[in-house]
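Chain lettering (A, B, C and D) follows the sequence in which the chains are written, and residue indices restart at 1 in each chain.
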Amino acid sequence: MIVTLKKARTIVRKALEKGRALELKPLSVVVLDAGGHVVAFEREDGASAGRFAIAHGKAYGAVMLGMAGTAQMKRAEDQAYFMNAVNGVFGGQVVPVPGGVLLRNPKGIVLGAVGVTGDSSDNDAIAAMAGIEAAGMTGEI
Amino acid sequence: MIVTLKKARTIVRKALEKGRALELKPLSVVVLDAGGHVVAFEREDGASAGRFAIAHGKAYGAVMLGMAGTAQMKRAEDQAYFMNAVNGVFGGQVVPVPGGVLLRNPKGIVLGAVGVTGDSSDNDAIAAMAGIEAAGMTGEI
Amino acid sequence: MIVTLKKARTIVRKALEKGRALELKPLSVVVLDAGGHVVAFEREDGASAGRFAIAHGKAYGAVMLGMAGTAQMKRAEDQAYFMNAVNGVFGGQVVPVPGGVLLRNPKGIVLGAVGVTGDSSDNDAIAAMAGIEAAGMTGEI
Amino acid sequence: MIVTLKKARTIVRKALEKGRALELKPLSVVVLDAGGHVVAFEREDGASAGRFAIAHGKAYGAVMLGMAGTAQMKRAEDQAYFMNAVNGVFGGQVVPVPGGVLLRNPKGIVLGAVGVTGDSSDNDAIAAMAGIEAAGMTGEI
(Lines give C-alpha, C1' and ligand atoms only; values in the text may rest on other atoms or scores of the structure.)
Protein backbone atom coordinates (compact mmCIF):
# COMPACT_ATOMS: atom_id res chain seq x y z
CA MET A 1 0.00 0.00 0.00
CA ILE A 2 1.34 3.39 -0.89
CA VAL A 3 0.05 6.89 -0.24
CA THR A 4 -1.43 7.70 -3.65
CA LEU A 5 -2.59 11.19 -4.51
CA LYS A 6 -6.15 9.85 -4.37
CA LYS A 7 -5.66 8.68 -0.78
CA ALA A 8 -3.85 11.88 0.15
CA ARG A 9 -6.71 13.99 -1.18
CA THR A 10 -9.19 12.01 0.88
CA ILE A 11 -7.08 12.47 3.98
CA VAL A 12 -6.78 16.23 3.46
CA ARG A 13 -10.46 16.77 2.70
CA LYS A 14 -11.80 14.64 5.49
CA ALA A 15 -9.41 16.12 8.03
CA LEU A 16 -10.59 19.59 7.06
CA GLU A 17 -14.24 18.49 7.21
CA LYS A 18 -13.65 17.15 10.71
CA GLY A 19 -12.18 20.48 11.70
CA ARG A 20 -15.29 22.27 10.43
CA ALA A 21 -17.60 19.78 12.17
CA LEU A 22 -15.78 20.36 15.47
CA GLU A 23 -15.61 24.12 14.87
CA LEU A 24 -11.83 24.13 15.19
CA LYS A 25 -9.72 27.07 14.08
CA PRO A 26 -8.67 27.06 10.41
CA LEU A 27 -6.51 23.99 9.78
CA SER A 28 -3.67 23.11 7.45
CA VAL A 29 -3.03 19.50 6.45
CA VAL A 30 -0.04 17.91 4.75
CA VAL A 31 0.42 14.32 3.61
CA LEU A 32 3.93 12.91 3.14
CA ASP A 33 4.95 9.65 1.50
CA ALA A 34 7.31 6.97 2.80
CA GLY A 35 10.32 9.09 1.79
CA GLY A 36 9.05 12.12 3.68
CA HIS A 37 8.12 13.96 0.46
CA VAL A 38 4.98 16.04 0.07
CA VAL A 39 2.05 14.43 -1.78
CA ALA A 40 -0.66 16.98 -0.94
CA PHE A 41 -1.26 20.04 1.20
CA GLU A 42 -4.10 22.47 1.84
CA ARG A 43 -4.33 25.52 4.11
CA GLU A 44 -7.77 26.84 5.02
CA ASP A 45 -8.64 30.51 4.60
CA GLY A 46 -7.79 32.42 7.76
CA ALA A 47 -4.94 30.14 8.81
CA SER A 48 -1.72 32.03 9.53
CA ALA A 49 0.96 32.37 6.88
CA GLY A 50 3.49 29.91 8.26
CA ARG A 51 1.27 26.86 8.58
CA PHE A 52 2.83 24.83 5.79
CA ALA A 53 6.13 24.74 7.65
CA ILE A 54 4.53 23.65 10.91
CA ALA A 55 2.31 20.96 9.37
CA HIS A 56 5.29 19.72 7.40
CA GLY A 57 7.51 19.67 10.48
CA LYS A 58 5.03 17.51 12.38
CA ALA A 59 4.75 14.97 9.59
CA TYR A 60 8.39 15.06 8.55
CA GLY A 61 9.69 14.09 11.97
CA ALA A 62 7.20 11.23 12.10
CA VAL A 63 8.46 9.73 8.83
CA MET A 64 12.16 10.36 9.45
CA LEU A 65 12.11 8.89 12.93
CA GLY A 66 9.31 6.34 12.43
CA MET A 67 7.83 7.87 15.56
CA ALA A 68 4.46 9.65 15.84
CA GLY A 69 4.00 13.11 17.37
CA THR A 70 2.97 11.95 20.83
CA ALA A 71 6.06 9.77 21.18
CA GLN A 72 8.24 12.56 19.84
CA MET A 73 6.81 14.97 22.38
CA LYS A 74 7.50 12.56 25.21
CA ARG A 75 11.06 12.19 23.99
CA ALA A 76 11.41 16.00 23.78
CA GLU A 77 10.15 16.32 27.35
CA ASP A 78 12.36 13.52 28.69
CA GLN A 79 15.47 14.27 26.72
CA ALA A 80 15.36 17.73 25.17
CA TYR A 81 18.95 17.52 23.92
CA PHE A 82 18.10 14.45 21.87
CA MET A 83 15.29 16.17 19.94
CA ASN A 84 17.52 19.24 19.54
CA ALA A 85 20.19 17.02 18.05
CA VAL A 86 17.65 15.30 15.81
CA ASN A 87 16.70 18.72 14.55
CA GLY A 88 20.34 19.42 13.87
CA VAL A 89 20.70 16.46 11.56
CA PHE A 90 17.36 17.13 9.86
CA GLY A 91 18.00 20.82 9.28
CA GLY A 92 15.55 22.04 11.89
CA GLN A 93 12.58 20.53 10.08
CA VAL A 94 11.14 18.45 12.93
CA VAL A 95 8.23 19.72 15.10
CA PRO A 96 7.80 17.08 17.83
CA VAL A 97 4.19 17.44 18.98
CA PRO A 98 0.85 15.70 18.40
CA GLY A 99 -0.72 16.41 15.04
CA GLY A 100 2.08 14.50 13.35
CA VAL A 101 0.42 11.14 12.71
CA LEU A 102 2.35 8.17 11.38
CA LEU A 103 0.95 5.92 8.66
CA ARG A 104 2.02 2.27 8.88
CA ASN A 105 0.98 -0.84 7.01
CA PRO A 106 -0.18 -3.92 8.96
CA LYS A 107 3.44 -5.13 9.19
CA GLY A 108 4.52 -1.87 10.78
CA ILE A 109 6.33 -0.47 7.78
CA VAL A 110 6.13 3.33 7.55
CA LEU A 111 4.00 4.42 4.58
CA GLY A 112 4.12 8.15 5.28
CA ALA A 113 2.66 10.65 7.71
CA VAL A 114 0.00 13.31 8.07
CA GLY A 115 0.65 16.68 9.69
CA VAL A 116 -2.18 18.90 10.91
CA THR A 117 -1.84 22.31 12.56
CA GLY A 118 -4.08 25.22 13.48
CA ASP A 119 -5.93 24.26 16.67
CA SER A 120 -4.59 22.60 19.84
CA SER A 121 -2.17 19.78 19.14
CA ASP A 122 -4.69 17.24 20.41
CA ASN A 123 -7.46 18.55 18.18
CA ASP A 124 -5.06 18.62 15.25
CA ALA A 125 -4.46 14.91 15.82
CA ILE A 126 -8.21 14.18 15.96
CA ALA A 127 -8.70 15.86 12.60
CA ALA A 128 -5.76 13.95 11.13
CA MET A 129 -7.19 10.63 12.32
CA ALA A 130 -10.58 11.41 10.76
CA GLY A 131 -8.88 11.90 7.41
CA ILE A 132 -6.75 8.80 7.75
CA GLU A 133 -9.69 6.60 8.66
CA ALA A 134 -11.75 7.94 5.77
CA ALA A 135 -8.92 6.85 3.47
CA GLY A 136 -9.00 3.33 4.93
CA MET A 137 -5.58 3.66 6.50
CA THR A 138 -4.29 3.25 10.04
CA GLY A 139 -2.75 6.13 11.95
CA GLU A 140 -0.52 6.23 15.00
CA ILE A 141 -1.02 9.49 16.91
CA MET B 1 -9.18 39.37 -4.85
CA ILE B 2 -7.20 36.87 -2.85
CA VAL B 3 -6.13 33.32 -3.54
CA THR B 4 -8.66 31.43 -1.42
CA LEU B 5 -8.34 27.70 -0.84
CA LYS B 6 -11.34 27.23 -3.12
CA LYS B 7 -9.60 29.01 -5.98
CA ALA B 8 -6.33 27.21 -5.26
CA ARG B 9 -8.08 23.83 -5.41
CA THR B 10 -9.58 24.69 -8.77
CA ILE B 11 -6.17 25.74 -10.09
CA VAL B 12 -4.53 22.52 -8.91
CA ARG B 13 -7.25 20.20 -10.23
CA LYS B 14 -7.65 21.86 -13.58
CA ALA B 15 -3.89 22.06 -14.14
CA LEU B 16 -3.62 18.33 -13.43
CA GLU B 17 -6.59 17.59 -15.72
CA LYS B 18 -4.89 19.55 -18.48
CA GLY B 19 -1.78 17.49 -17.98
CA ARG B 20 -3.80 14.28 -18.36
CA ALA B 21 -5.61 15.63 -21.44
CA LEU B 22 -2.27 16.47 -23.08
CA GLU B 23 -0.72 13.19 -21.90
CA LEU B 24 2.06 15.01 -20.10
CA LYS B 25 4.31 13.27 -17.59
CA PRO B 26 3.03 13.26 -13.97
CA LEU B 27 2.74 16.83 -12.76
CA SER B 28 3.02 18.60 -9.44
CA VAL B 29 1.24 21.88 -8.83
CA VAL B 30 1.63 24.42 -6.04
CA VAL B 31 -0.35 27.60 -5.40
CA LEU B 32 1.18 30.38 -3.32
CA ASP B 33 -0.52 33.47 -1.90
CA ALA B 34 0.64 37.09 -2.16
CA GLY B 35 3.19 36.56 0.61
CA GLY B 36 4.70 33.50 -1.07
CA HIS B 37 3.10 31.05 1.37
CA VAL B 38 1.68 27.69 0.28
CA VAL B 39 -2.11 27.45 -0.05
CA ALA B 40 -2.35 24.10 -1.84
CA PHE B 41 -0.16 21.47 -3.46
CA GLU B 42 -0.64 18.11 -5.17
CA ARG B 43 1.87 15.69 -6.69
CA GLU B 44 0.60 13.06 -9.12
CA ASP B 45 1.50 9.41 -8.68
CA GLY B 46 4.69 8.61 -10.52
CA ALA B 47 6.20 12.09 -10.16
CA SER B 48 9.70 12.09 -8.69
CA ALA B 49 10.26 12.65 -4.99
CA GLY B 50 11.59 16.21 -5.13
CA ARG B 51 8.79 17.85 -7.06
CA PHE B 52 7.41 19.93 -4.22
CA ALA B 53 10.65 21.88 -3.99
CA ILE B 54 10.82 22.51 -7.73
CA ALA B 55 7.18 23.56 -8.08
CA HIS B 56 7.60 25.77 -5.02
CA GLY B 57 10.81 27.30 -6.36
CA LYS B 58 9.15 28.28 -9.63
CA ALA B 59 6.24 29.96 -7.87
CA TYR B 60 8.25 31.45 -5.00
CA GLY B 61 10.60 33.38 -7.24
CA ALA B 62 7.64 34.75 -9.17
CA VAL B 63 6.03 36.15 -6.02
CA MET B 64 9.22 37.44 -4.41
CA LEU B 65 10.46 39.21 -7.54
CA GLY B 66 7.08 40.04 -9.06
CA MET B 67 8.45 38.44 -12.21
CA ALA B 68 7.09 35.35 -14.00
CA GLY B 69 9.20 32.35 -14.96
CA THR B 70 9.85 33.37 -18.54
CA ALA B 71 11.21 36.77 -17.50
CA GLN B 72 13.29 35.16 -14.76
CA MET B 73 14.79 32.71 -17.25
CA LYS B 74 15.72 35.55 -19.59
CA ARG B 75 17.39 37.39 -16.71
CA ALA B 76 19.25 34.21 -15.71
CA GLU B 77 20.47 33.78 -19.29
CA ASP B 78 21.51 37.44 -19.66
CA GLN B 79 22.97 37.95 -16.22
CA ALA B 80 23.58 34.62 -14.49
CA TYR B 81 25.36 36.19 -11.50
CA PHE B 82 22.27 38.29 -10.75
CA MET B 83 19.94 35.30 -10.49
CA ASN B 84 22.60 33.48 -8.46
CA ALA B 85 22.71 36.41 -6.08
CA VAL B 86 18.93 36.59 -5.91
CA ASN B 87 18.94 32.94 -4.94
CA GLY B 88 21.42 33.75 -2.22
CA VAL B 89 19.16 36.29 -0.57
CA PHE B 90 16.16 33.97 -0.86
CA GLY B 91 17.93 30.93 0.59
CA GLY B 92 18.27 29.08 -2.70
CA GLN B 93 14.53 28.80 -3.10
CA VAL B 94 14.16 30.35 -6.59
CA VAL B 95 13.88 28.18 -9.74
CA PRO B 96 13.92 30.69 -12.65
CA VAL B 97 12.19 28.86 -15.52
CA PRO B 98 8.73 28.77 -17.14
CA GLY B 99 6.13 26.93 -15.13
CA GLY B 100 6.27 29.66 -12.50
CA VAL B 101 3.20 31.70 -13.42
CA LEU B 102 2.45 35.00 -11.73
CA LEU B 103 -1.08 35.91 -10.60
CA ARG B 104 -1.85 39.64 -10.74
CA ASN B 105 -5.01 41.65 -10.21
CA PRO B 106 -6.17 44.07 -12.92
CA LYS B 107 -4.04 46.84 -11.33
CA GLY B 108 -0.91 44.70 -11.59
CA ILE B 109 -0.64 43.86 -7.88
CA VAL B 110 0.78 40.38 -7.24
CA LEU B 111 -1.85 38.04 -5.79
CA GLY B 112 0.31 34.94 -5.72
CA ALA B 113 1.78 32.44 -8.14
CA VAL B 114 1.35 28.93 -9.46
CA GLY B 115 4.26 26.55 -9.92
CA VAL B 116 4.00 23.46 -12.12
CA THR B 117 6.72 20.91 -12.75
CA GLY B 118 7.02 17.45 -14.30
CA ASP B 119 7.02 17.87 -18.07
CA SER B 120 8.90 20.41 -20.22
CA SER B 121 8.89 23.91 -18.75
CA ASP B 122 6.67 25.13 -21.57
CA ASN B 123 4.14 22.34 -21.05
CA ASP B 124 4.24 22.98 -17.31
CA ALA B 125 3.25 26.58 -18.04
CA ILE B 126 0.39 25.47 -20.31
CA ALA B 127 -1.02 23.29 -17.54
CA ALA B 128 -0.68 26.12 -15.04
CA MET B 129 -2.55 28.51 -17.31
CA ALA B 130 -5.40 26.03 -17.76
CA GLY B 131 -5.84 25.91 -14.00
CA ILE B 132 -5.61 29.67 -13.61
CA GLU B 133 -8.18 30.33 -16.30
CA ALA B 134 -10.56 27.78 -14.81
CA ALA B 135 -10.36 29.74 -11.54
CA GLY B 136 -11.25 32.98 -13.34
CA MET B 137 -7.84 34.51 -12.72
CA THR B 138 -5.19 35.99 -15.00
CA GLY B 139 -1.73 34.47 -15.29
CA GLU B 140 1.56 35.86 -16.56
CA ILE B 141 3.75 33.06 -17.91
CA MET C 1 -7.42 46.75 5.02
CA ILE C 2 -3.75 46.32 4.16
CA VAL C 3 -0.63 47.71 5.74
CA THR C 4 0.23 50.47 3.27
CA LEU C 5 3.52 52.31 3.44
CA LYS C 6 1.60 55.35 4.68
CA LYS C 7 0.20 53.38 7.62
CA ALA C 8 3.55 51.75 8.29
CA ARG C 9 5.26 55.14 8.43
CA THR C 10 2.73 56.36 10.94
CA ILE C 11 3.25 53.28 13.08
CA VAL C 12 7.03 53.69 13.04
CA ARG C 13 7.03 57.42 13.78
CA LYS C 14 4.45 57.32 16.52
CA ALA C 15 6.08 54.32 18.19
CA LEU C 16 9.38 56.20 18.24
CA GLU C 17 7.70 59.35 19.55
CA LYS C 18 6.15 57.30 22.35
CA GLY C 19 9.59 55.99 23.21
CA ARG C 20 10.92 59.55 23.45
CA ALA C 21 7.93 60.69 25.53
CA LEU C 22 8.51 57.83 27.98
CA GLU C 23 12.28 58.37 27.92
CA LEU C 24 12.89 54.78 26.82
CA LYS C 25 16.21 53.62 25.47
CA PRO C 26 16.72 54.04 21.69
CA LEU C 27 14.12 51.95 19.89
CA SER C 28 13.93 50.14 16.58
CA VAL C 29 10.59 49.50 14.90
CA VAL C 30 9.68 47.23 12.00
CA VAL C 31 6.33 46.80 10.25
CA LEU C 32 5.61 43.60 8.34
CA ASP C 33 2.73 42.89 5.97
CA ALA C 34 0.38 39.88 5.98
CA GLY C 35 3.02 37.72 4.31
CA GLY C 36 5.70 38.61 6.85
CA HIS C 37 7.57 40.93 4.47
CA VAL C 38 9.12 44.21 5.59
CA VAL C 39 7.22 47.39 4.72
CA ALA C 40 9.18 49.87 6.87
CA PHE C 41 11.90 49.96 9.51
CA GLU C 42 13.75 52.60 11.50
CA ARG C 43 16.49 52.30 14.12
CA GLU C 44 17.14 55.26 16.41
CA ASP C 45 20.63 56.64 16.91
CA GLY C 46 22.35 54.89 19.78
CA ALA C 47 20.50 51.59 19.33
CA SER C 48 22.80 48.59 19.07
CA ALA C 49 23.83 47.20 15.70
CA GLY C 50 21.69 44.06 15.67
CA ARG C 51 18.31 45.62 16.33
CA PHE C 52 16.84 45.02 12.89
CA ALA C 53 17.07 41.27 13.38
CA ILE C 54 15.48 41.38 16.81
CA ALA C 55 12.62 43.67 15.81
CA HIS C 56 12.07 41.53 12.73
CA GLY C 57 12.12 38.33 14.75
CA LYS C 58 9.45 39.60 17.11
CA ALA C 59 7.15 40.60 14.27
CA TYR C 60 7.94 37.67 11.99
CA GLY C 61 6.94 35.05 14.50
CA ALA C 62 3.70 36.89 15.15
CA VAL C 63 2.73 36.81 11.46
CA MET C 64 3.88 33.27 10.76
CA LEU C 65 2.14 31.76 13.77
CA GLY C 66 -0.78 34.19 13.98
CA MET C 67 0.22 34.58 17.63
CA ALA C 68 1.37 37.78 19.37
CA GLY C 69 4.56 38.03 21.44
CA THR C 70 2.94 37.52 24.84
CA ALA C 71 1.29 34.26 23.72
CA GLN C 72 4.52 33.12 22.09
CA MET C 73 6.45 33.79 25.30
CA LYS C 74 3.95 31.75 27.31
CA ARG C 75 4.30 28.88 24.85
CA ALA C 76 8.10 29.13 25.04
CA GLU C 77 7.93 28.99 28.83
CA ASP C 78 5.45 26.09 28.89
CA GLN C 79 6.92 24.05 26.07
CA ALA C 80 10.42 25.24 25.21
CA TYR C 81 11.06 22.44 22.73
CA PHE C 82 8.02 23.50 20.69
CA MET C 83 9.26 27.07 20.19
CA ASN C 84 12.73 25.70 19.45
CA ALA C 85 11.23 23.48 16.79
CA VAL C 86 9.16 26.34 15.38
CA ASN C 87 12.36 28.33 15.09
CA GLY C 88 13.88 25.45 13.22
CA VAL C 89 11.22 25.45 10.53
CA PHE C 90 11.39 29.25 10.24
CA GLY C 91 15.17 29.40 9.95
CA GLY C 92 15.77 30.77 13.43
CA GLN C 93 13.90 33.96 12.65
CA VAL C 94 11.38 33.91 15.52
CA VAL C 95 11.93 35.93 18.74
CA PRO C 96 9.06 34.90 21.06
CA VAL C 97 8.69 37.84 23.49
CA PRO C 98 6.44 40.88 23.92
CA GLY C 99 7.16 43.69 21.51
CA GLY C 100 5.92 41.55 18.66
CA VAL C 101 2.40 42.92 18.19
CA LEU C 102 -0.06 41.27 15.83
CA LEU C 103 -2.26 43.33 13.52
CA ARG C 104 -5.66 41.77 12.78
CA ASN C 105 -8.74 43.00 10.96
CA PRO C 106 -12.12 42.91 12.74
CA LYS C 107 -12.68 39.34 11.46
CA GLY C 108 -9.44 38.16 13.03
CA ILE C 109 -7.46 37.85 9.80
CA VAL C 110 -3.77 38.67 10.24
CA LEU C 111 -2.84 41.89 8.42
CA GLY C 112 0.78 42.01 9.55
CA ALA C 113 2.76 42.72 12.69
CA VAL C 114 4.88 45.35 14.37
CA GLY C 115 8.15 44.55 16.11
CA VAL C 116 9.74 46.94 18.60
CA THR C 117 12.99 46.40 20.47
CA GLY C 118 15.38 48.46 22.57
CA ASP C 119 13.86 48.82 26.02
CA SER C 120 12.15 46.19 28.21
CA SER C 121 9.85 43.90 26.27
CA ASP C 122 6.82 45.40 28.00
CA ASN C 123 7.87 48.96 27.16
CA ASP C 124 8.60 47.88 23.60
CA ALA C 125 5.02 46.65 23.36
CA ILE C 126 3.67 49.96 24.75
CA ALA C 127 5.53 51.90 22.08
CA ALA C 128 4.27 49.53 19.38
CA MET C 129 0.67 49.98 20.53
CA ALA C 130 1.00 53.77 20.44
CA GLY C 131 2.06 53.57 16.82
CA ILE C 132 -0.66 51.10 15.90
CA GLU C 133 -3.38 53.19 17.49
CA ALA C 134 -2.15 56.33 15.75
CA ALA C 135 -2.55 54.46 12.46
CA GLY C 136 -6.15 53.57 13.31
CA MET C 137 -5.39 49.86 13.57
CA THR C 138 -5.88 47.27 16.31
CA GLY C 139 -2.97 45.49 17.93
CA GLU C 140 -2.75 42.27 19.94
CA ILE C 141 0.20 42.42 22.35
CA MET D 1 30.04 61.93 9.87
CA ILE D 2 27.78 59.03 10.56
CA VAL D 3 24.53 57.88 8.97
CA THR D 4 22.05 59.13 11.56
CA LEU D 5 18.42 58.12 11.42
CA LYS D 6 17.65 61.70 10.36
CA LYS D 7 19.96 61.41 7.35
CA ALA D 8 18.69 57.94 6.54
CA ARG D 9 15.10 59.18 6.53
CA THR D 10 16.02 61.95 4.13
CA ILE D 11 17.74 59.48 1.83
CA VAL D 12 14.76 57.14 1.81
CA ARG D 13 12.18 59.84 1.25
CA LYS D 14 14.06 61.72 -1.44
CA ALA D 15 14.94 58.51 -3.29
CA LEU D 16 11.26 57.55 -3.33
CA GLU D 17 10.27 61.06 -4.45
CA LYS D 18 12.75 60.81 -7.29
CA GLY D 19 11.20 57.52 -8.32
CA ARG D 20 7.76 59.13 -8.41
CA ALA D 21 9.08 62.14 -10.37
CA LEU D 22 10.62 59.82 -12.96
CA GLU D 23 7.56 57.55 -12.96
CA LEU D 24 9.62 54.52 -12.06
CA LYS D 25 8.04 51.28 -10.84
CA PRO D 26 7.43 51.08 -7.07
CA LEU D 27 10.79 51.29 -5.28
CA SER D 28 12.23 49.95 -2.07
CA VAL D 29 15.09 51.75 -0.33
CA VAL D 30 17.38 50.62 2.47
CA VAL D 31 20.10 52.56 4.27
CA LEU D 32 22.89 50.69 6.06
CA ASP D 33 25.47 52.09 8.46
CA ALA D 34 29.25 51.60 8.45
CA GLY D 35 28.82 48.14 9.99
CA GLY D 36 26.37 47.03 7.34
CA HIS D 37 23.41 47.21 9.73
CA VAL D 38 19.98 48.53 8.74
CA VAL D 39 19.13 52.09 9.79
CA ALA D 40 15.97 52.59 7.74
CA PHE D 41 13.92 50.91 5.04
CA GLU D 42 10.72 51.61 3.15
CA ARG D 43 8.90 49.61 0.45
CA GLU D 44 6.36 51.40 -1.71
CA ASP D 45 2.87 49.98 -2.21
CA GLY D 46 2.81 47.66 -5.20
CA ALA D 47 6.44 46.58 -4.89
CA SER D 48 6.87 42.80 -4.85
CA ALA D 49 7.16 40.92 -1.58
CA GLY D 50 10.87 40.14 -1.67
CA ARG D 51 12.21 43.65 -2.16
CA PHE D 52 13.75 44.06 1.28
CA ALA D 53 16.14 41.21 0.61
CA ILE D 54 17.21 42.59 -2.76
CA ALA D 55 17.67 46.19 -1.59
CA HIS D 56 19.59 44.88 1.40
CA GLY D 57 21.77 42.66 -0.76
CA LYS D 58 22.77 45.56 -2.97
CA ALA D 59 23.75 47.76 -0.04
CA TYR D 60 25.26 45.01 2.08
CA GLY D 61 27.79 43.99 -0.53
CA ALA D 62 28.79 47.62 -0.97
CA VAL D 63 29.59 48.04 2.73
CA MET D 64 31.22 44.66 3.24
CA LEU D 65 33.49 44.99 0.21
CA GLY D 66 33.87 48.79 0.20
CA MET D 67 32.87 48.54 -3.45
CA ALA D 68 29.80 50.10 -5.08
CA GLY D 69 27.31 48.16 -7.22
CA THR D 70 28.80 49.08 -10.59
CA ALA D 71 32.25 47.88 -9.56
CA GLN D 72 30.75 44.72 -8.08
CA MET D 73 28.89 44.01 -11.30
CA LYS D 74 32.08 44.42 -13.32
CA ARG D 75 33.85 42.04 -11.00
CA ALA D 76 30.96 39.53 -11.31
CA GLU D 77 31.18 39.74 -15.09
CA ASP D 78 34.98 39.44 -15.19
CA GLN D 79 35.41 36.87 -12.45
CA ALA D 80 32.12 35.16 -11.61
CA TYR D 81 33.76 32.66 -9.26
CA PHE D 82 35.08 35.49 -7.11
CA MET D 83 31.64 37.00 -6.50
CA ASN D 84 30.27 33.48 -5.91
CA ALA D 85 32.95 32.96 -3.31
CA VAL D 86 32.24 36.35 -1.74
CA ASN D 87 28.64 35.28 -1.44
CA GLY D 88 29.79 32.12 0.25
CA VAL D 89 31.57 33.97 3.01
CA PHE D 90 28.73 36.49 3.40
CA GLY D 91 25.97 33.90 3.54
CA GLY D 92 24.56 34.67 0.11
CA GLN D 93 23.61 38.19 1.10
CA VAL D 94 25.42 40.11 -1.68
CA VAL D 95 23.58 41.28 -4.83
CA PRO D 96 26.31 42.73 -7.08
CA VAL D 97 24.49 45.19 -9.37
CA PRO D 98 23.94 48.96 -9.61
CA GLY D 99 21.50 50.34 -7.11
CA GLY D 100 23.94 49.52 -4.32
CA VAL D 101 25.49 52.93 -3.69
CA LEU D 102 28.43 53.37 -1.35
CA LEU D 103 28.59 56.26 1.12
CA ARG D 104 32.11 57.55 1.87
CA ASN D 105 33.44 60.51 3.79
CA PRO D 106 35.89 62.92 2.10
CA LYS D 107 38.82 60.75 3.26
CA GLY D 108 37.32 57.70 1.56
CA ILE D 109 36.20 55.95 4.73
CA VAL D 110 33.00 53.90 4.24
CA LEU D 111 30.09 55.41 6.15
CA GLY D 112 27.43 53.00 4.91
CA ALA D 113 25.47 52.28 1.76
CA VAL D 114 22.09 52.75 0.14
CA GLY D 115 20.28 49.97 -1.72
CA VAL D 116 17.45 50.68 -4.13
CA THR D 117 15.45 48.13 -6.11
CA GLY D 118 12.28 48.03 -8.18
CA ASP D 119 13.07 49.54 -11.57
CA SER D 120 16.10 48.93 -13.82
CA SER D 121 19.38 48.80 -11.93
CA ASP D 122 20.48 52.09 -13.50
CA ASN D 123 17.27 53.87 -12.54
CA ASP D 124 17.51 52.41 -9.05
CA ALA D 125 20.96 54.04 -8.77
CA ILE D 126 19.62 57.40 -9.97
CA ALA D 127 16.96 57.35 -7.27
CA ALA D 128 19.54 56.40 -4.65
CA MET D 129 21.79 59.29 -5.67
CA ALA D 130 18.91 61.77 -5.42
CA GLY D 131 18.36 60.69 -1.84
CA ILE D 132 22.03 60.79 -0.96
CA GLU D 133 22.51 64.28 -2.40
CA ALA D 134 19.44 65.56 -0.56
CA ALA D 135 21.07 64.36 2.66
CA GLY D 136 24.27 66.28 1.86
CA MET D 137 26.31 63.13 1.42
CA THR D 138 28.43 61.75 -1.40
CA GLY D 139 27.56 58.53 -3.17
CA GLU D 140 29.62 56.20 -5.32
CA ILE D 141 27.40 54.35 -7.80
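Note that in this section a residue touches a chain if its C-beta (ideal position, glycine included) is under 8 Å from a C-beta of that chain, and two chains touch if they have at least 3 such contacts.
A quick note: this is a predicted structure, and the numbers were derived from the prediction, not measured.
With steps allowed only between chains in touch, the distance from chain A over to chain D comes to 2.
For the copy pair chain A and chain C, the superposing rotation over Cα atoms measures out at 85 degrees to the nearest 5.
Looking at which of B-C and C-D shares more C-beta pairs in contact, the answer is the pair C-D.
The centroid of the Cα atoms in chain B and the matching centroid in chain D are 30 Å apart. We define each chain's centre as the mean of its Cα atoms; on that basis chain B and chain C are separated by 31 Å. The mean-CA centres of chain C and chain D are about 25 angstrom from one another, to the nearest whole unit.
Residues of chain D in contact with at least two other chains: 49-50. Listing the residues of chain A that touch chain B in their complex gives 4-5, 8-9, 33, 35, 37-45, 49-52. Residue ranges of chain B in contact with chain C, taken from their complex: 33-37, 91. Contact residues of chain B toward chain D in the complex are 34-36, 63-67, 79-82, 84-92, 107-110.
Chain contact summary for the complex, chain D toward chain B: residues 46-50, 53-54, 56-57, 73, 76-77, 80, 83-84, 87, 91-97.
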